[in-house]
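Think of it as A, B, C and D in the order they're written, each chain with its own count starting at 1.
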Amino acid sequence: MLNVGLLGAGRIGRVHAQAIASHPGSKLIAVSDALPEAAASLASDHGAAARSSEEIIADPEIGAVLIATPTDTHSDLIEAATGAGKAVLCEKPVDLDLKRATECLNTVSERGKPVMIGFNRRFDPNFATLKAGLDAGEIGKAELLSITSFDPAPPPLSYVKVSGGLFRDMMIHDFDMANFLMGDVPETISAVGSSLVDAEIGAAGDVDTAAVTMTYADGRIAVIKNSRRAAYGYDQRVELLGSQGLLQAQNMLENTVVKSTADGVVGAKPTYFFLERYMPAYRVEWAAFVDAVESGSEVPVTLKAGVAALAMAEAATLSARAGKPVRMEEILKPVAK
Amino acid sequence: MLNVGLLGAGRIGRVHAQAIASHPGSKLIAVSDALPEAAASLASDHGAAARSSEEIIADPEIGAVLIATPTDTHSDLIEAATGAGKAVLCEKPVDLDLKRATECLNTVSERGKPVMIGFNRRFDPNFATLKAGLDAGEIGKAELLSITSFDPAPPPLSYVKVSGGLFRDMMIHDFDMANFLMGDVPETISAVGSSLVDAEIGAAGDVDTAAVTMTYADGRIAVIKNSRRAAYGYDQRVELLGSQGLLQAQNMLENTVVKSTADGVVGAKPTYFFLERYMPAYRVEWAAFVDAVESGSEVPVTLKAGVAALAMAEAATLSARAGKPVRMEEILKPVAK
Amino acid sequence: MLNVGLLGAGRIGRVHAQAIASHPGSKLIAVSDALPEAAASLASDHGAAARSSEEIIADPEIGAVLIATPTDTHSDLIEAATGAGKAVLCEKPVDLDLKRATECLNTVSERGKPVMIGFNRRFDPNFATLKAGLDAGEIGKAELLSITSFDPAPPPLSYVKVSGGLFRDMMIHDFDMANFLMGDVPETISAVGSSLVDAEIGAAGDVDTAAVTMTYADGRIAVIKNSRRAAYGYDQRVELLGSQGLLQAQNMLENTVVKSTADGVVGAKPTYFFLERYMPAYRVEWAAFVDAVESGSEVPVTLKAGVAALAMAEAATLSARAGKPVRMEEILKPVAK
Amino acid sequence: MLNVGLLGAGRIGRVHAQAIASHPGSKLIAVSDALPEAAASLASDHGAAARSSEEIIADPEIGAVLIATPTDTHSDLIEAATGAGKAVLCEKPVDLDLKRATECLNTVSERGKPVMIGFNRRFDPNFATLKAGLDAGEIGKAELLSITSFDPAPPPLSYVKVSGGLFRDMMIHDFDMANFLMGDVPETISAVGSSLVDAEIGAAGDVDTAAVTMTYADGRIAVIKNSRRAAYGYDQRVELLGSQGLLQAQNMLENTVVKSTADGVVGAKPTYFFLERYMPAYRVEWAAFVDAVESGSEVPVTLKAGVAALAMAEAATLSARAGKPVRMEEILKPVAK
């Protein structure tokens, strides 16, 4: 039985608490949060104790820590928790600052403790099935990847301002998905972005609509499209052209009902947002983490993968500003030791 | 080159005229119609002559006659044309009267001239592909057939009154489709029907909504559903469950555009009615007739098949009235010699 | 908080135990089973006690009983539990014997305790959405209902022999679905059935492939198709033609991945069987039961509805044997007081 | 009646000949080709005369010329035909050389004769429906366009070498589609390309897999993906995200048959290649040309639009080589007078 401490009792912390509690091999022992009432309430729901993050990290009875705190605390907490011998599952992104994330990676690497980053989409049954099909050779060699990722509505402006921007906050999921599917980081990244959804987002220095093209050392190509708004809901699709065919993961729909009238043939919209769409993925993600910790095998999404996705977000941000492609080595060299 | 005379210059006659004219192996020589202007107009469009049906049948230069006249003339014209040594393609149904149709069959059988009945749906690319899949063993042995056939809107009441009723006029297509797919006529037919679309249809003694269940000697089952009205258009679907799977032929759609908005995901409606849906089938049907005539092989839809479908319509009409299943042998015996 | 006793710790009992345990308004207190170890094991999983059914029914602390025992115990347990003042959710069917079920209904009616029958498909999000669309007038007036319900594979022959036959064991779900959607019981039922899947099923006096047509007092029509085997999985579809359109509930698929290769465009199969397909429905069903009990409103699937579905199964069984339609009044009269 | 001369009797010339012949308002008078037998054969099929291009252009009885000759003759023939007062429909691209095409545009502009470029995809019913939906405001303001255009198999290497490269030969259709849908030419074009399908194509200095991102003055974004090979057939899809929704034009399929077996649910592949997919579009294109000529209104695809698409292909070719975005003004300035 893996005893778990949860750092952060916000919306996503609550999702993870359910996953931890419903897994037969893990037990939620303690919860911390900057708001003591939030910690107390969530802890009480699961028969756990509300404590400080420091206490949780120091508790020798706790084997793993799930970090669901604000992004700017991730690196510190990962370092502290691994320093105390804990296994860690940390929400994405590792950090908004690539230099700090790289330091964290260097620090942690020496300790040999499992640190997994919460790129939950890898565990979505649809994307996982697509990946399995690719690995099984169903479409031959991958050539051209296309990821469509639209949110139903933009976040509050206050969040946009501290989010690190669309590439670090939103597209980072798609960068990780590209790495997952292509099995490599790209060589070049070329990004364009506009503020079409909300002029305030543009005024805050961010974009809300973007397209990124990436090329790989072996000539493969990937394209990612993001928008902060899709009137019809949460649009999450991947398609991958290979030498022998195409694999597509299409949207999950709210239901299977189709209505045909004089006005046309109407089907359901996609499941509304990430909690609806990816709830099963959070459970599979947690199970994969527990499996890796218990078996001593490598976690399926390493801290290094988390840093790679962050570096790609950094490259895309620079590319969109400069209006030209950025080579990944330009980004990675300065932060390499 | 097959010289063709077309008897009947109405809507369906015009469709056949195009098929005849566009086939490289046939030539439209003459057209007749009860309305001389209709014959003249259609003949002129195709560089053909307007003549009487008698003249056409008597013309030794004409090798084949296409009969697209009112139903009550079909048997007489089939007999006359085959008597004059012509190959015949006759629109469905053979007749409204099973006894007369059976006589016609007996008369014609001795002559050895090809007589094909215009069950055009067998030549629809979708149904033909389904049938080919079945014959190729893609779903093992057929077990349970389901045919959905809804018109977009009921015909004029004046037509309903002379149509012979829904089972003879509309469902006869589905009876032939069942025979085509199942490769046999059923043993029992059980029909129910209601007048739900238009009370006037009920007052005229007909039904506008009906379901028929048929059983075969080897235990297989088929279900046919008909409605005279589908608000969304012409609904023409077939599905067949076999021991190793299911084959479905779905509707053709007006276009492939999908619109996703806050109101849902909207696709196009089915192609509107039989001329839109089955236009390609009329051309394939004609080509199949020409092929059979030229090669001397059996026509793909025999007069016997046309009589069988009519007998099934008769059985369904009786079953719906009596409220009990009818055995096909009860229908066929009295008309057999 | 509703304290619940669960009678029956088999496969379906375990599903219900989860639903009870995960509902915030109910608590699983005790479990019984003919196999004491089964009861003990399931009870232990949920911190409940293993007891006899008699003890559970006698316990004044327990407010509701969920009956998931073999069918031939249902009527007795419903009577005993309501006699002890319990609310009851009982798995389908009420009984295999219509007379006994009717007695049970009469006995229970006087007691005024809520008794709900577990027709879980009413709570499937797809069928519930279809029903809501119908009630909202999206397709006008219902006219022609079609239910397709195929199992992936037949049950063991030993089960077939005690199941009461396909109509009572399998199609009973579809009879209830028809009642749910049409809002009425039919006037006539006409059934045909064959043994095409497994000759042993036929030898045991049952059918494995069947079609039923039902007519309603107002002329509406419903068709149900059943097969014990669909090579591609669990096929559960409903479509309803109305005066202004068509509503279809299509299959849930295992995932949304589509693979396009030289061999065709391949999508996922339907979710495999009822546990996969209807797991969410079991939770919604339980929540609806708790709501009704707590609020004192009528349960959404009454014991009367359970008896009605059983009577339809009885009618279909008789119709298939006799080869003619059966009027529902012939079935209901002999058992009415 | 518009008398038409057809220059070029190759594969695409034959397609146009059919469209001309089947249109009630046009008549094919004469055909020319570098291979006299080809001209003679096609002319004979349509009761037309085989002549030289010069004779056709000089014939005062001929009102319109359709140019379906090799690309390097287009500009000369457009100039000659308009000089002789003919209306012109010319196959794409206008020219491989942007400077020559621009000269042609300048020359022709003064003459006021209608010159239409054969971007037939604008007339595909699916793309036309999408455009009509956009214009009707169905998805609000366009924001992010995505065009997928994969050929089933690469052309012969001999063709690749004289084609002008993927961007000028293949993606030029997509550039025009973007202009059609976005109603504007982009401000910047950023292209990447690889040779993944066939190393010989790379050795010949071309790419076979490419992605292009375009930005517009108002911030809108468009992405085009091309591959010379899709194992499953001809993949031609467009999707456009707007402020109020998404419009997608999906592939046409060979038929509507779906096969469900233990191996999955298999549908038909897309219609195989451009002749199958776009045959209806060629007829609509011709009808639109005849309409414009007869009514004196502007042709729906102007020579200017043809030059714009060519300039975009030029920009993409340069961008892919230089590894950086190209501003359209850099391309257009040097060729502007």
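FYI, a residue touches a chain if its C-beta (ideal position, glycine included) is under 8 Å from a C-beta of that chain, and two chains touch if they have at least 3 such contacts.
Bear in mind the structure is a predicted one, so any value in this text is a computation, not a measurement.
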Computed over C-alpha atoms, the centroid farthest from that of chain A is that of chain B
Between C-D and A-C, name the chain pair that shares the greater number of C-beta pairs in contact.
A-C
Between chain C and chain D, what is the gap in Å from one C-alpha centre to the other?
58
Just curious, how far off is chain C from chain A if you go by their C-alpha centres, in Å?
41
Find every residue in chain D that makes contact with two or more other chains and list them.
139, 230-232, 235, 244-246, 260-262, 268
Given the complex with chain D, which residues does chain B contribute to the contact?
125-126, 129-130, 133, 138-139, 244-252, 254-262, 268
Within the complex, chain C is touched by chain D residues 230-233, 235, 253, 260-269
In the complex formed with chain C, which residues of chain B make contact?
139-141, 143-144, 146, 148, 150, 188, 190, 192, 194-197, 209-211, 213, 215, 219-221, 223, 225, 227, 229-232, 235, 241, 243-246, 323-325
